[in-house]
Amino acid sequence: MKKLAVLAGMAGLALSTLLAATSTGLADDAKLEQLKKQGFARLAIANEPPYTAVAADGKVSGAAPDVAREIFKRLGVPDVVASISEYGAMIPGLQAGRFDVITAGLFMKPERCAAVAYSEPVLCDAEALLVKKGNPKGFKSYEDIAKDETATVGAPGGGTEEKLALNAGVPRDRVIVVPDGQSGLKMVQDGRIDAYSLPVLSINDLMKKANDPNLEVVAPVVGAPVYCDGAAFNKNDTALRDAFDVELAKMKESGDFAKIIEPYGFSAEAAKSTTREKLCSAK
Amino acid sequence: MTAWAGYIELILEGAVVTIKLTLMGSVLALVVAFIAGLGRLSRFFAVRALATAYIEFFRGTSIFVQLFWVYFVLPLFGITLTPLQAGVLGLGLNVGAYAAEVVRGAVQSIGKEQYEACTALNLGRWQGMRHVILPQAFLVMLPTFGNNAIELLKATSIVSLISLADLTFQAQVVRSQTGNTMVPFTTILVIYFALAMLITWGIRRLERRLSRGLDGVRA
Amino acid sequence: MEWDWDFVWQIMPTLIEGVKITILATVLGSALAAVVGLAIALLRRSENKAVARSVGFAAEFIRGTPLLVQLYFIFYVLPDVGILLPPMVAGTIGLGLHYGTYAAEVYRAGIDNVPRGQWEAAKACNLSARQTWTHVILPQAIPPMIPALANYFIAMFKETPLLSAITVLELMNQAKSVANTYYRYVEPMTLVGAFFLVISLCSVVLLRWLERRYGRVER
């Protein structure tokens, strides 16, 4: 009872101190109008090049935000601002109205499709493992990691790779949640984890930066499908999502899409050859 | 090598956010500390209970948990704060709870004869507090307030985990851009320490200024 | 956003696993802090000025910089110089060192509070320095410090969520992992807060008992 009273006191205090309530998810076109009026859309990104990156001058780049920036410009929203977030915090953050859209290489999977409103596919990639030179434990798939009882694998918390590893039967205590790519690389170098898993292009980017001859990439991971991400919107913002899709389709058609993502190493063909519907119903 | 200039700028931007958070958080903490600290000494049971509940709640739960809660859970109840607002609110209310106890302790440490003198001079309860007790008690509070401010400065590093671009956060960005861990982390450790020294120095000066003319008055 | 009790019961076992690690980290960290604190306090009294000064500065530095950044440093930078620590060990060392510097202040005050006469008496009895410390000074100095030390250890308990940043699967990390799996933040985060509040309130009761047993120390 005392706890309840304390909680009530705290809630009252909080409520009386704050009055900055905003509504999340406006009906129909209201959301787009609101974005136009405020002049920018808020993106969630992960700072995982080449998907998303923050340059030395603080400018947001990477394939996913670049596509979103262009589409929002065409929709009449001149600018995007991005906040860096952990993968696991993105969907709760979207639901909490912290961002308008997630553009971070958050791959489409059925359970995610149930939680957010995805656009059509944008960036496609397979999964990879970062291991020590010569792949001493001979990993080819997540199942290999599950079988070796001493092996540990690192992955971003709430990311696709974490779930793939868990689904392959790697127990929870051997799937290490790693906060960011650089930490994952460091933990493989230091021997804290036996493998670090990210999409192929992300791992390649890490490798390029680290320039460490003692590391090796296993790609693609056997048995892990090619995934595609899409821009993820709040479930209430399907009208905005649909408007986004229209521009995305036009860009795919005109070749502007390929011009943005191919310099980053992504394949425009891969994104064109599949659909949200297929990816969301995939097992 | 030119990139380093950009990275240094990033870190400095982070320092600005950290300083802003520390200043705004300290102001909020100071205000709630006086309200809650004096509230605990109130004649009215309801005020005392409310103040105690606030203090025990914020001292009892972790600042980390409070920030996460304000950032991720409050919006689900329709209250959305910017990361900066959430950071200032979380830090200010948390440190304010600790500082409230300092206020209470300091006020209670003032001798009984001072209160009796107030009565003898026919000062009202508030007048006595305002003109006699608090000026003396404030001097007692200052050094501990300084420590509280340093605690707040250190706690700002946690906001990096709710995606606010403070020093720690920028160090992480630099780290992921350059692949170098040692340099950015060492740099920000030094900056944090310099800021802490600045707070210590500022408080000491303030203390000296305020105690001028009070020699011999204090027991 | 509605509160789902079924979900609460479903995630409870996972969170309890986290609570165990949190408590373990607090206990180990406290033990280390108690030892480190004593070492710092004694070294600062060293005859050798250089030792006393540099230990003093190191302690000031650790106290003036955020634990989160220190943890990053221990976990990610030390391997560059060949020191590779498992997450839990790195976390314990971080907590122990950080709070050791606070504990050192408590020891210092406690030792200073032993009356001069005791030192003189020890000298008169022809005790060696070592005997003086172990048989005369510390047995008198330590009991009154216990409540103040316990107070810092409770503070440490509330900082253990920071260990999640270096991959220790403590309460906060378990809660995040649950939140990531089910895309629900309300229940896990609120429960973490509730756990901390309950344990803190219990420890406050313990603290009151310690204060009665070993004498009141201002906190």
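Order as written gives the chain letters A, B and C; numbering starts at 1 within each chain.
Here is the rule we go by: a contact is a pair of C-beta atoms (placed from the backbone, for glycine too) under 8 Å apart; a residue touches a chain by one contact, two chains touch by 3 or more.
Every value quoted in this text rests on a predicted model; they were computed, and no experiment measured them.
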* Asked: What pattern do the touching chains form: line, ring, star, complete or other?
  -> complete
* **Which of B-C and A-C has more C-beta pairs touching across its chains** => B-C
* To do: Taking CA centroids for every chain, report which one is farthest away from subunit B.
  => A
* Structure fact -> Whole-Å distance, C-alpha centre of subunit A to that of subunit C, is 36
* In whole angstrom, how far does the Cα centroid of subunit B sit from the Cα centroid of subunit C? -> 21
* Of all residues in subunit B, the ones touching two or more other chains -> 56-57, 72-73, 76, 181
* Structure fact -> Residue ranges of subunit C touching at least 2 other chains are 76, 165, 185, 197
* To do: Give the residues of subunit A that touch two or more other chains, as numbers and ranges in rising order.
  => 6, 89, 92, 95-96, 186
* Structure fact -> Touching subunit A in the complex, subunit C uses residues 76, 79, 84, 86-87, 165, 167, 169, 173, 176-177, 179-181, 183-185, 194, 197-198
* In the complex of these two chains, what residues of subunit B are touching subunit C? -> 56-57, 59-66, 68-69, 72-73, 76-77, 101, 105, 150, 153-158, 160-161, 168, 171, 181-182, 185-186, 188-189, 192-193, 196-197
* Using the touch definition up top, name the residues of subunit C that touch subunit B in the complex. => 1, 61, 63-70, 72-73, 76-77, 80, 158-162, 165, 172, 185-186, 189-190, 192-193, 196-197, 200-201, 204, 218-219
* List of subunit B residues in touch with subunit A within their complex -> 3, 6-7, 9-10, 13, 50, 53-54, 56-57, 71-76, 78-81, 83, 85, 89, 163, 169, 172-173, 175-179, 181
* State the interface residues of subunit A toward subunit B in the complex, per the touch definition above. => 5-7, 9-10, 13-15, 17-18, 20-24, 47, 53-58, 83-85, 89, 92-93, 95-98, 180-182, 185-186, 209-210
